[in-house]
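In the two complexes below, chain A is the common chain; its partner is chain B in one and chain C in the other.
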Partner chain A sequence: MALLIIDRLRPVSATVRAAALLALLVAVLLVATGGGSLQLILDNARQAAPLGIIALGQALILMMGRLDLSVGAAAGLANVVLASAFAGNPANLAPALALTLGLGLAVGLANGLLVVALRIPAFLATLATAMVIAGGILVTTGGSPRGSIPASFRVITEGWIGGVMPWSVVIWLIVGVALMVFVHFTLAGRRMLIAGANARAARHSGIAAGPLVVASFVVSALMATLGGILLSAITGMASIGIADSYAVDSIAAAVIGGAVFSGGVFLPAGAACGALIIFLLQSLLYVLSLPPAARFIVQGAIIVFALALANYRKEG
Partner chain B sequence: MPDLLDTDTSPLLVVEGMSKAFGRNSVLRDVSFSLFAGEVLALVGENGAGKSTLMNILSGGLGHDHGRMSLGGADYAPTTPTEATAAGVAIVHQETTILPDLTVAENIFFGSEPRNALGLIRQRELHVRTARLLADLDFAIAPHRLGRDLSAAERQMVEIAGAVSRSPRLLILDEPTASLSAAAAASVLHLVARLKATGMAIVFISHRLGEVIGSADRVVVLKDGEMTLEALRGAFTRDDLVQAMVGRTLSNIFPERPADVSTAPRRFRLQAAGNSRLPPIDLCVHRGEVLGIAGLEGQGQKPLADALCGLRPFTSGQIEIDGKPLRLRTPAAAIAAGIASIPDDRRTEGLALTLPIRLNLSLFALRRGARFGLLSVAREADFAEAARRRYDIKAVSLEQPVGQLSGGNQQKVVFARWLADEPRLLVLYEPTKGVDVETKGEIYRLIGELTQRGVAVLLISGDLLELIGLSDRILTLYEGRISGEIARDAFSEEAIMHLASGPAPSEAVDA
Partner chain C sequence: MLEGSIRRNLLMTLPALVLVTAMAAITAGASPSFLGETNLANLSSRLLPVALATLGQAIVLFAGCIDLSVGSVISLATALMATLSVPLGWAVVPLTLIAGALCGAVTAAGIDRFRINPLVMSLASAAMVKGVTLLILPSPGGEVDYGFYALLFESDRLVAPPLAITLLVYALATILLGWSRMGRIVYGYGSDPRAAFARGASPRRVVYGVYIVSGMLAAAAGMVLSIRILSGDPLIGDAYTLDTVSAAILGGVALTGGRGNVIGALFAAAALVLINNTFNLLELDTNLQSIAKGLIFILALVFFMRGKAGEA
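And now, the complex of A and B:
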């Protein structure tokens, strides 16, 4: 039945389909929690912002026909580095941000160069980067990271503008719109899109894909870093492995939002819907108070189901 | 070997009112013909005329919408290739499927090897049967040779032997001679004649009209999915075939060429230019000239095209455009120098199929409209709309993915993009492959217009009619080297084939 409905929706854009799925899920959540409000939805969006921003970067990587499995590790790195550089003192804002973003940039450059210069398949290169980062964090922190995020900085996720709009949602929106404008309205973005859709045709037309691929990994790593920064603001402290699930979740979010593994598609609004769907599903599983092990199983099954739905239309 | 010679006079194969459509795109309309045992039927038509569709329906690879077939008097409607094989129909596809690491014998009996009780292959019996089959076919080749060591002609013959090993009543050969030199093609045709003598019915597809006239008992010409000619040996001429294939006489479809362009200034010149895939080559093209490059498949056309567009650049020799030396290291450098090159495979090298027509069209025009790296959406839309009108691109909307267009309209998009800025040299590599006749005519007309304005054209094509109709001069490639040059007044299929077959017919099979 669900497949039939999705099939009927075929001519409709992937974004609309993801939005419809999201609306359905919001309705389920509202029923499950016994009524609700716009504020409740926005509060969920507020907490979904880290995943949402990371999914935007992942969507850009998918547009290039590649995968970035290091986004979870990069977000975790940002969390540990930001907390220790801040050390709870608001005066450390500038160096803490500079260090965190600088490391993110380095991760992206490393990924991009591994893929382009050494021609290592992206999912392997980024998996390797993720392992190096995770190991590096353990070595330098000894397994117990220190530091904390000052309350004044935590406003970026905990604060609401005028009490009606969470800051993190605004940041998410700005990033999404910026990426959308970049891809669809700049020469560089257009070249990226074409190189992602058909690298051989792009090369034949004088577009060298290499630098564009490196750039996309840098953007993705910076998005992961920004997501890690927001996550830090939510938790207020450094933790090990807190962001690991973002690698799979961001891919699921982007694909639910219409991204395709063969590249050439960039739908930031779809990716945002996908991220909200993943986040709400996770919330719903908490609300249903399943045991943790069952939650993992159900969550995995739901991601598989959602991806199967999203891919269903591509046959035929 | 089937030695049952049908003595009655009813045809072996009858095809009646065969029709097939893919979606709204009708590829075969009401095709009817019959074929007797011991006859050779040549199926002729341009690319995209429906030949492959018809072959696939006959061999069970594809179902049909309307019509019926009978084979040996019984209804014949195979739904899978296995059913077709069981009914006695075998097909040899154009791309050979010879496995390089298996022997001739193993390739011939692949999938139907004689086995012992344990399921292991009986090597001795395999070789004995192969030797017997090859002797029957009068095809001298050692059964133990490896697939990788075979010449193009030998591969083709091994493929045919593999199909014959299943003792078919009807054998279908899809362009068996396309990649063969004249001498090697002759040995394949000799094999066909031998099979025919055993009472087998044979359908073969060919683009070489000389071959068709020489060896077919019956010819069927398809054009845009419709049968435009069915005739018996002796009842058709070369002109009849051409007329039926393209729907008009050649003088109407090709632009008029100026009397002499060799006095025009030299536009582009290669001197001993080569790379690891291409031996050093010398050629020049004048302003407004169409230089045809002919050759059998795989004689260096691809390396030459790739080098000219900068994808796999020349690493030695000199390149000159309008008298100035040129370094051609990247596609971007080629574009900057005014060299536009239309790739042979538009689906993988020319277009981003999933992206809208507008994006595919405006790739080069974008640079002019861009300010500070920002695209001008209005200019882009104007450009795309103008290109749609100028090239008569038939599309529902410019936002449609370009992959949804027909081959001809896709090719128009490729042309429109590359001609956004008028090039100095236009390199065309199989420009009308998989394009309908209508669009073909438009492309030819466009080439005529461009040359009038001084654009030099280098036309690399395997379509002899096209080469003869468009070119001012033809060079033939053989093993990456230029093996001959033909002036316009000496153009003929035979002259081209002769030079394209190399200096001496060394590839002849010991048949």
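And now, the complex of A and C:
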């Protein structure tokens, strides 16, 4: 019984930890900018939304005890495809979105099948698909992608509801809540959680993990695509390699938010805090006029710190 | 019988050998300049950095770990060479090797001390090393002392120095890994850490050992790379991380540890270098390379991972 309670509390406390770190960072940032405003924080949240949504997908993959290193490439693919299919014309909305999401679906299916049907370790399979995607983008665009996102579509990241709440944050929230409801309150989601926590126990309980793993990679790739769509709305154009850093960033965000590599834990709120922390840290480094290179050092140090803390607690 | 012994693992090097021979034959048939002296010298100077970094990766894989920081360490080494080789002269060589060893030690410390998953720990140290590299050299440039180039690439010896170094290093690694107590401990730890521990192997020393060796070999690879291009590039190594894993697996090294040998990894590294060369000689779109490499990587994984559990 006591063990059960601790097991229930541990993930909760990880989210609280991430939230506390986030609050600390916000406070430091407000002091550093000399009072600042809530507007600044919300604007950071607006720009963090693509990473936040991608990190949700990564958190789901981590829940399955696996890694998806292709999310950066998938988001970049969405960016290039969306911009070229839109070609700046709002009338192309439906086909552009359908094409982008369709390709995202294909990437997720490819990842899932490589992992499940061909039994390739997930991080290697997704590294390989990332490579193929990056090559594919370069071959088809010749290194200089074209197209642009019409202003009417860019409202999804540039627009604020009543001047108070950015649309992109609302989208992020909806996706996060939907994923949480899916994992915790639907049969398929709970089966995923169990299969991630203990594959053998799941198999003995008659849960076929294979399709669930494929499904998790499809969800992750769709999240990456959605993140790429939001990113395109922010930049308004197609660029090569725009989302490359998101593969490691999304892992960092999920891990800061309490995700564990052994699987079985899904904390969307924690992942959201993690994504915000990564973005606010970048802002802070900028405010303190540190070189951009420092963000890599901080990012690496944070991953080590978060995991060292998690492992220390597990044993202690 | 130890699975790590070279005799047992010779069979696993066959696919890579077949691949590299076939590629060489096809390219030689399609393009007469392939066997020209300039192209062969070019090939051997391109092989050296890949071969060095792949060897480090293979050794880490033998111990059942993985090192995804190889690319960042390569970039760091090119940055150090580009900024320090002119003022410091030859002293830059030991300095760069020590820097590589330090990177490896940081990764090992995270794994050993904080029990962080090797894959993720090496990703984290890759990020940190990349940050340090960008602080040293924010954009491609700098200057590498020409003396290094003359020594490594312009000598008239019977065997070109890059090829000689590759063969020597691999011969040494084969002997040390196949016939020494140290090698047996690495393989033993990789195939069953608990059994190795019971027989007196120190997990800490194995983890630190393999990562420090991998860091130093990656630093050496970066040095060669920077000498070849006579400058540094803070992002040049990124593409090499996957190449080293890919080469090791293609060469029959098991991801699960304890299995494979470095000869296979050398053949596979040569195959990867040949891919670039083939694309250039046949005047194909160079961007197709990364697709081709990705597909070969997947094929190699399918071939070698068959029937094994696909976790992680």
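In the analysis below, the second predicted complex is superposed on the first by the 282 of 316 C-alpha atoms of A that agree within 3 Å, B and C clash if a C-alpha of one lies under 4 Å from a C-alpha of the other, contacts with A are read in each partner's own complex, and residues count from 1 in each chain.
Everything below uses one rule, namely that a contact is a pair of C-beta atoms (placed from the backbone, for glycine too) under 8 Å apart; a residue touches a chain by one contact, two chains touch by 3 or more.
Model, not experiment: these values are computed from the prediction.
Contacts of A:Ala78 after superposition: neither chain B nor chain C is touched.
Counting the residues of chain A that each partner touches, chain B and chain C differ, and the larger count belongs to C. Once the two complexes are overlaid on the shared chain, A:Arg203 sits against chain B while remaining clear of chain C. By the touch criterion defined above, A:Ile251 lies against chain C but remains apart from chain B after alignment on the C-alpha atoms of chain A.
In the superposition on chain A, contact of A:Ala14 is made with neither chain B nor chain C. Touch criterion not met for A:Met64: it reaches neither chain B nor chain C. In the overlay built on the shared chain, the residue A:Ile194 is in contact with chain B alone; chain C does not reach it.
For chain A in complex with chain B, the touching residues are 184-188, 190, 193-194, 197-198, 200-208, 260, 262, 264-265.
By the touch criterion stated above, chain A contacts chain C in their complex at residues 65-67, 114-116, 118-125, 127-132, 134-136, 138-139, 142-143, 199, 248, 251, 255, 261, 291-301, 303-304, 307-308, 311-312, 315. Within the complex formed with chain A, the chain C residues making contact are 110, 113-117, 119-121, 123-135, 138, 242, 245, 249, 255, 285, 287-295, 297-298, 301-302, 305-312.
In the complex of the two chains, the chain B residues touching chain A come out as 309-311, 330-332, 334-335, 341, 343, 348-355, 359, 363-364, 366-367, 370, 373-375, 377, 417.
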